[in-house]
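Chain nomenclature is as follows: A, B, C and D, assigned in order of appearance, with residue numbering initiated at 1 for each chain independently.
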Amino acid sequence: MHNEFSRVGLVGQWQRQASSHVPIQSPASRIPDDIRCARDYEIAAQRFMAESVYAYIHGGSALDQTSTANPRAFGRWTVCPRLLGDIRQSDTRVQLPGAMLDHPVLLAPVAYQNLAHPEGEIAVARAAAATGSAQILSTLSSFSLEDVAQSAPARRWFQLYLQPDRSASLDLIRRAETAGYKAIMLTLDATLQIPSARAQATGFTLPAACVAANLQQYGRPDAVAGGTALRRDVIGGLLRHVPCWSDLDAVLAHTQLPVWVKGVMHPDDARALQGRGVAGVVVSNHGGRALDGAPAALQMLPLIRSAVGAQYPILFDSGIRSGTDVFKAIALGADAVMIGRAQMYALSVAGALGVAHLLTLLREELAVCMAHAGCRSLADLRSATLIRNGASEVRDECASC
Amino acid sequence: MHNEFSRVGLVGQWQRQASSHVPIQSPASRIPDDIRCARDYEIAAQRFMAESVYAYIHGGSALDQTSTANPRAFGRWTVCPRLLGDIRQSDTRVQLPGAMLDHPVLLAPVAYQNLAHPEGEIAVARAAAATGSAQILSTLSSFSLEDVAQSAPARRWFQLYLQPDRSASLDLIRRAETAGYKAIMLTLDATLQIPSARAQATGFTLPAACVAANLQQYGRPDAVAGGTALRRDVIGGLLRHVPCWSDLDAVLAHTQLPVWVKGVMHPDDARALQGRGVAGVVVSNHGGRALDGAPAALQMLPLIRSAVGAQYPILFDSGIRSGTDVFKAIALGADAVMIGRAQMYALSVAGALGVAHLLTLLREELAVCMAHAGCRSLADLRSATLIRNGASEVRDECASC
Amino acid sequence: MHNEFSRVGLVGQWQRQASSHVPIQSPASRIPDDIRCARDYEIAAQRFMAESVYAYIHGGSALDQTSTANPRAFGRWTVCPRLLGDIRQSDTRVQLPGAMLDHPVLLAPVAYQNLAHPEGEIAVARAAAATGSAQILSTLSSFSLEDVAQSAPARRWFQLYLQPDRSASLDLIRRAETAGYKAIMLTLDATLQIPSARAQATGFTLPAACVAANLQQYGRPDAVAGGTALRRDVIGGLLRHVPCWSDLDAVLAHTQLPVWVKGVMHPDDARALQGRGVAGVVVSNHGGRALDGAPAALQMLPLIRSAVGAQYPILFDSGIRSGTDVFKAIALGADAVMIGRAQMYALSVAGALGVAHLLTLLREELAVCMAHAGCRSLADLRSATLIRNGASEVRDECASC
Amino acid sequence: MHNEFSRVGLVGQWQRQASSHVPIQSPASRIPDDIRCARDYEIAAQRFMAESVYAYIHGGSALDQTSTANPRAFGRWTVCPRLLGDIRQSDTRVQLPGAMLDHPVLLAPVAYQNLAHPEGEIAVARAAAATGSAQILSTLSSFSLEDVAQSAPARRWFQLYLQPDRSASLDLIRRAETAGYKAIMLTLDATLQIPSARAQATGFTLPAACVAANLQQYGRPDAVAGGTALRRDVIGGLLRHVPCWSDLDAVLAHTQLPVWVKGVMHPDDARALQGRGVAGVVVSNHGGRALDGAPAALQMLPLIRSAVGAQYPILFDSGIRSGTDVFKAIALGADAVMIGRAQMYALSVAGALGVAHLLTLLREELAVCMAHAGCRSLADLRSATLIRNGASEVRDECASC
């Protein structure tokens, strides 16, 4: 805590302590019988994580308003079935800057994945390799980016939090390039975080084993967590590290890799980033972990697609819980999606096997939804008919871009 | 299960096993005292079915979002009463391709009705005969279409699932014609189904006694359930059997009977089927058992009526729970409706007597609603005033076509 | 029951039996301490009525959808406060055809008021006299219209259900005129009723003491309850007694008293009745006891006011629970309102004293609301600013006529 | 009670009695561990207040409809995050008639603050001084305005209830001027109050220790509570004291201090007050303690800002529970806000320390929200993008003035 009263922190600000959070049950070596759909992992994970860890992962920020709103926003749309289309030759391929993928579900960057499973990001890498998925490794990974890269031949990108020492940021990019990461995803939305009140109430603290392996060499491990509290300005001290346009320019100038920006919620910001040379944007409110009180990410997605035009690459996260949700996000403007919490739940339940199974379930649910909607490719989803749930007017409210 | 992980199946895909599901209570020989309206059968059936069977029938697909949305959609409309109309000579007759009926409540095709009562479809046939109702027999009936036809002199149609061996499909049609079925109802929407998670959680499996009597002679009993899983394409193997336009044309060319298509949700599909020579469409999302995430069927009904014009025959199912619901569906564009789950509940409670009673209650509720709305015939319902429940603007939102 | 299955009845159709329903607690001789607002009588009455009687009075029809929707509709409107208006000289007077009243809360006709209190309609008459209120006596009163007229010097009108023997109807009017009733309120909406399923579940039957005193002399006590069931037509037999325009004309030709019509929900009906010479209409869905599935009466009120013009007399019932509700109904188009259920609750709690107290509370709540809204007279309410609760657009949605 | 039945009172009308309400727990000398955000004080206060006192403070009027609607109205708006804005030099200063403040959270006038803590308004004054906040002292304070003024060097204004003896009102203003209060806030909306039914049910009465210290010298302590009941006019007697335009003119003529008017809900009233020379308006429904059934204050705020133009000073209270709520109110048109109930909760938990902590939390939450929304000053909030929560149309519903 940076002053007597404050709970605001920079990313990774949770107090660290020695006591480990013992999981209730060891990860399973096979898929439990009660996992029947992707969402079941959310339930099952409660058996495999200590209560406080589950609360930390499940929670968002402050009163969890936005983290709750994210999945609910999907319930406002329904998918209209179609009949008799020829869907016998269908696929779910997608070409993105930085990867050509068989399916549009990417593994979002998540900090300290050894919270969920001892093998953490390495287990995720194996699942990604087994299922042809892309892994985006967090700056705050519990294994170093080099170790993860050597563990399995997955498609992978590197997620970057700008470091207070900006040269460390550039060095991280260089290391990622060297290790074979194919894109940089720069996260810009989570500079200040108020932890979830519910997670705080469980007494969650970051176990001692959770360290940011990538940052050890820069002298101040977990340096992003710093900042001296200035009582008078409340959070003034923290704002010194807030990224600005010149930071973005420095990243863009420093690498030939495609640079995604994550955390975009306003159409004007999306357009500005597009103009600046960013390869694509990730529409996301950080799963509700950044500003509690932000709109559901899905609500902003069609506006952002409309702002940047039909061709500009858009990824989406924040609220995906099923393959039908993947369908809806793509129909509303995304090219592909990322999953964060679900990944952690599956990881806690059955490690690499769980994550691979989760991805299989999501692909299967997506494929069933595509079949019912008469879509043969992801491109078809843009012209699928989405209908507002219980719209007060009875008319076709098609959401195509 | 067709691959290690998948839960997706073709119709009737539930694993079969020897252990029977014992009903809690034998069917009653009289109507229980607590049945006071059509919906009461839904409650009472819980005493007459094993929990897992009830969960299977009550459930929809996956997370049951659409099966829940279907009945709720009726609550969004209210019926405005009228005064002093001369309704002393009123009736509920309706002329459909394939039947002239005294009332507009048809018995929907339901698979394996011996799940609910040992006499299954034969008990339903008796109830249909006793109440002047039409029965639509499922391809997956537990008694053969010939046996059902001989059991009672009801009006009846035959529901067709296209078989992987298309010649079996045509043979089924020929047999139905021979046995006196007056129309074919081709179901096109349920090719792929993800079972209800809630039903799966109860451990439901199809009892050994549930076999598709009509399909025994085609070498592969329940052949629709086949399909070799292709791990790489996830559900690719199943998609080989998805019906396409040429399948429909083959059916139309093969029979002189009127052919209805069931499972229509999109106005463009309705118009295309109308142009192809289909006798009428059944607006339905399979009671929420096909695509979980589809809109409530009632939400699409006025759009489809508007697309096909005032004269084209439309049936409706998915969500009817009362005679007032029948009124609303007809007022919003249907010519008549079908009941599926309610039929199974009443069947489990009191066999043929239960189904006959249910139909009587629904007719009575419909007649009371017509009297209050000042309607003398079903044709009058199209100009009845329906009002959106709690519409945010205070104005007459009449839904007539 | 008029056929083996049917539950539909004409008014007052409940099976009669000898066993009386014993109230849990005798009526109080003073106001209980827990009565702090008008709505508290609804709670307290549960101590003073047998469960089945309470369920019968509280219930509506069938699934109670409309009886539930009625009070909720008031929650959709809020009253915008005003400042500094000169309200020191204010009153709540209203001139209606048949009565000049100090306040706009009338006592609705309710059948068999001795269900709630042994003194029934006579206690109500005393409360009306004590508070300057008007009582509308039901055709189905438990005391004769002559006995009620002699019991207390209240303003009173007579409510008429048309009798199967139409000459009895005209005789009832003549008797009401002779006994000093100043208007006739002809109820047209409750010809057919399906009882509340919840009330039926409690086993409610009409106690033997509940007889229609006014109808004893016409040979067939409670003759309105007759009708031979015709199984084939379901409710065909009952429809023989449904009132039509000629019945209304006969009533209008038979009396010089102002004739109100109760049960009006459609603007076109209101306009037709206005043209026919009816003195005023009562916008009402019979408290949800007629057609379950009808819109909330309040939802139709502004449309009906708009249809008949600013001057035509309109009464409102169905959902009034507080003085603020009285304010809203008048602001949305009514000249005055009637209370039914609340009257029965207060009657059961403390007889005449309870009803008088209830009226005082409602007047007080109305006066407080008027003061906050800056209204000096009921006429001012029409230009008061009502705002839709949580309207999705932030703009002044004023509901004035 | 001013007549046999009535519950209506003027301000402060609660029956007074000797028995004190013993708090469950003495105020804490440090901040309890379970206070993690401003709203947590609402929960914690239940340990520090007697149940009936908590019910009185938490409750609104009558059925608490408006007090419940107030905070809910904030949930209808979300704040759209922005990226990369330069917010390193940001502040929350605001200039109001009567105060230049470091932050926009003022301490609302609350009657009898010794209900929450023995040091009452003096503890609040110390918290205000420590945090650079403004205190608005109630006419009905439990310490005299002179004693409060001497206790701590805070910015302070005086809230005025017009007294039945109008010369007492003017004398109060003179005393406030002499004691260094910098503005007068004239409350006009709470002349008549129906207490919260829930608070009444707990048996709440004002403890004997709660006396209006400022009014002792005017002969009739708590004289505002007077009024002789006139049974015939119900609340006629109370209306004699309702303020009118000449009362306002008298106040304006009597003082050179800026005069705010509190309780404004209608845009026309705001405009009229602006024209009369009032320094600013407080948009407020008295936290739902005045008219139960009034709209949420936040719903009216944008309409009022639109009516008075961008420059006219507006304060807001009624429903603020977090710093994000502060952000939303300012974005929707307010210059600053006041907190009432939250102040009392924090006061009960930890006295001056609690109130200071509460203000710090609110400032911090506001600052975090500003950072995420890319705002450097309160002026920037007016052009921030607020989005309707789950708006049925997917488009940018920006609420700027």
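Operating definition for what follows: a residue touches a chain if its C-beta (ideal position, glycine included) is under 8 Å from a C-beta of that chain, and two chains touch if they have at least 3 such contacts.
Here the structure is a predicted model, which is why all the values come from computation and not from measurement.
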item	value
Contact-graph distance - origin subunit B, target subunit D	2
Equivalent-chain rotation between subunit B and subunit A, CA atoms, steps of 5 degrees	90
Inter-chain centre distance, subunit B versus subunit C - centres from mean C-alpha coordinates, in Å	41
Subunit A and subunit C, separation of their C-alpha mean positions in angstrom	59
Where subunit C touches two or more other chains at once, by residue number	391-392
Pairs of chains found to touch, sorted by chain label	A-B, A-D, B-C, C-D
Subunit B to subunit C touching residues, read off their complex	31, 34, 36-37, 39-40, 75, 78-88, 90, 322, 324, 327-328, 357, 360-361, 363-365, 367-369, 371-373, 385, 387, 389-392, 394-396
Partner subunit D, residues of subunit A touching it in the complex	5-8, 62-63, 65-66, 69, 72-73, 76, 188-189, 191-192, 194, 197, 200-201, 234-236, 239-240, 242-245, 247-248, 261, 263-267, 269, 273, 285, 290-296, 299-300, 302-303, 388, 391-392, 399
